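Shared between the two complexes below is chain A, which pairs with chain B and chain C, respectively.
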Partner chain A sequence: MTIRPLHFLVTLVMPLVAAAQNTGTLRLLVDPGHNFEFVLDKQYRMQQREVKLGEGLHHFAFWAPERMIVDTNVFVIADRTTDFVLKLPYSPEYMQYRQELAKYETKRRVARTIPTVATVAGLFWTGVNVVKYQKVRQDLEKDQENYDINVDPGSIRTLKDQTIPQHNEDLRSARTGLYTSISFTAVAAGVTYFLYRRSARWERPTLNDKQKVLFEGLTWVPTRNGGFFHAGITIPLAR
Partner chain B sequence: MRTIPYLFFPLLVMVGITGCAKDELDVAGLNTNPFDADYDGPAIFTVISTSTSTYTVDGIEYQRLNLRVKVHTEYFPRATTYLVDQDGAPLIASSSMPDNELSVQFLNVDQGTTYCRDLYLYNGGVRGGGNSVCGTAE
Partner chain C sequence: MRWITAILLVVVLHGCKKLEVDIGSLNTNPFDNDHTGAQFIRVDSVKCFPLGQGALHQQRLYIGLDPQLTAENDFELRLIELTVPDTTVYSNIADGATSVVLLNQQVTLGTEYCYLIDLKVGGGYLRNHRLNHCAVAEL
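Here is the complex of A and B:
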């Protein structure tokens, strides 16, 4: 209720003041170009790229998300359009946040990618060993069929003394390889599952934008239908 | 939690393969082929008849034991030509045995004595399975 008289006073006085002096236009070329805000003369919070102001020195406090507040004074020349170029530097909190976020994402990517790749490789390895195992088993089945229809004592002797023992050895070797690859795959799958669950609980870094808190002080925001006071408060809900 | 069933997949594969796994071939158990020197099945050669006859050399009379032997080709894995090795005596080709029977002779035998000879299947320069055939001179 105490705001209304002040609102009325400002609404009444501002046009009179503006009409009483010559105005100039200030084009704001601020990096980042899309979402910066500024507080004019420590009173009016605005978000636009061009302002008409009375001639003279005006104070600006520029800010954009993830950037630092930059305070500066600009002299507005009457009846002229002036370009004001400014690059808002990244805030130290944002830089730290980016580092922590990059570290977090790298850690999570490694924790998930390596065991996943190991599991996929294990499955591939198991597949290769299954094929190899099946081939050796087929060789032995062919040996049995060969024995059953063979009428050459010499080749039967070769089959029993050399070919079948060799294929038996190949089968044992293939079975060992198959069990090894299956065990490896099972362990890798278990580790993958564990790390996916675990990394899902890792806390993602959050940006504590102190510059935003500073910027969102109590300011007057003019609009076409009047204006309002803007009070900003930041509550870190993530914790 | 939905991932858990997938973890059992490799285990199931292992169990499946183990369950269906055929053991290595037991070489010692391979003895059913008559052309295998380790053949251990029904006799390939069996005596179907025995007779004793006399023969004369330089005026001296001797006894001869004749065995008629059947070659059981029904035990062969497939129809084939073959040779019979008489353990030192000349080889006999299957082409000379249209009825798969051969004669085995023992010369200068004594009455009442049993005589035996080892016969083997023979192919490709190597002996296969075989057995003894015996007969008693009368």
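Here is the complex of A and C:
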């Protein structure tokens, strides 16, 4: 009988006490700014830029993708809005991932660019040789026409002894150059094709974000409709 | 990749064609020393005529000229007499002439006289148009 009035009193007074507790606002200015999350007082996982908290010391564990978890305590002052500035450092895994990715992209770029440039150069070279070959062919055709219409035996002799043999030699030389450039272009094109196919199968580095796994331990995520427990599990699929 | 292959194939086929001029088979121009066809000059006839009242006679070689020769070029003829060695050059041949007469001023009747007749066009003699002709001097 004596407990019932006390219980009633506590029930009546506690909300009033809670309402009367002083709160302060904490504005979170955290780099990267758009997608950071934090766990408040080791219990509540939240993703917002401003929190209203009761006065006193509160524990925060901040995290964002690709960044390190930063644990810190913040003292919230009642009836005041305080700016909390923090730059989350990049995680070592992410830095390593960036290095591996850069190495991978450089390797792939080199494997694709050099043979491609060689192929284009080969095509250009072939084009130049085709033009050269055509010119020598035209010279020989002119020689043939000149022979047919020439009425000067001396000129005909010069044509047959010097001009035509020289142009024949030029044609052979141009043909050799043409075949060389064609062979070079064909090899370069083949290597380009092969390296494109092969580099397409190269495994792209992936980010193993251990900080995320650590951060996503079992936490309570409050929402407007109550809240839920959030648990993270990591299954290593790579052998 | 396919278009590169196609381009290269076309170029290879293009380059495979044998296009050198075969100098050995280049002999269709009649002004070429290697020409093997018809000659520009020919001996139409040879006749003897007395020189005055004596025993001296003149042998005339009537040389026919190909119209293509006279139409195209300045030319001259050289008469080389082999029996009694002598050489005469005939350079002032009228344009468009179809024949020319070459003379051996002194021949003895009954004797055979042999001649080489050369054609010179431009800077050199056409060896393939050389005529080698022998005739007995007779009335």
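By definition in this document, the second predicted complex is superposed on the first by the 214 of 239 C-alpha atoms of A that agree within 3 Å, B and C clash if a C-alpha of one lies under 4 Å from a C-alpha of the other, contacts with A are read in each partner's own complex, and residues count from 1 in each chain.
Everything that follows uses one rule, which is that contacts are C-beta pairs under 8 Å (C-beta built on N, C-alpha and C of every residue); 3 or more make two chains touch, one makes a residue touch a chain.
Since the structure is predicted, the reported quantities are computational estimates derived from the model, not experimental observations.
Trainee: In the superposition on chain A, see if there is space for chain B and chain C together, and answer fit or clash.
Mentor: With chain A as the common anchor, chain B and chain C collide in the superposed model.
Trainee: Give one of first, second, both or neither to describe whether A:Leu86 is in contact with chain B, with chain C, with both, or with none.
Mentor: In the superposition, A:Leu86 touches no partner, neither chain B nor chain C.
Trainee: Could you say whether A:Arg137 touches chain B, chain C, both of them, or neither, answering first, second, both or neither?
Mentor: Touch status of A:Arg137: both partners.
Trainee: In the superposed arrangement, which partner chain does A:Ala121 touch: chain B (first), chain C (second), both, or neither?
Mentor: So A:Ala121 meets neither chain B nor chain C here.
Trainee: Applying the touch criterion given at the start, work out whether A:Ala189 contacts chain B, chain C, both or neither, answering first, second, both or neither.
Mentor: Once the two structures are laid over each other on A, A:Ala189 reaches both partners.
Trainee: Where on chain A do the contacts from chain B and from chain C line up?
Mentor: The answer is residues 123, 126, 130, 133, 137, 140, 143-144, 147-148, 150-157, 160, 164-165, 167-168, 171-172, 175, 178-179, 182, 185-186, 189, 193 of chain A.
Trainee: Over in the complex, which chain B residues touch chain A? Could you list them?
Mentor: Listed in rising order, the residues are 3-4, 6-7, 10-11, 13-14, 17, 21-22, 24-25, 27, 30, 32-33, 35-38, 76-78, 80, 82, 121-128.
Trainee: Enumerate the contact residues on chain C facing chain A in the complex.
Mentor: Those residues of chain C that touch chain A are 1, 4-5, 7-8, 11-12, 14-15, 19-21, 23, 26, 28-29, 31-34, 72-73, 121-124, 126.
Trainee: Across the complex, what residues on chain A touch chain C?
Mentor: My answer: residues 119, 123, 126, 130, 133, 137, 140, 143-144, 147-148, 150-157, 160, 164-165, 167-168, 171-172, 175, 178-179, 182, 185-186, 189, 193.
Trainee: Looking at the complex, which residues from chain A come into contact with chain B?
Mentor: 122-123, 126, 130, 133, 137, 140-141, 143-144, 147-157, 160, 164-165, 167-168, 171-172, 175, 178-179, 182, 185-186, 189-190, 193, 196
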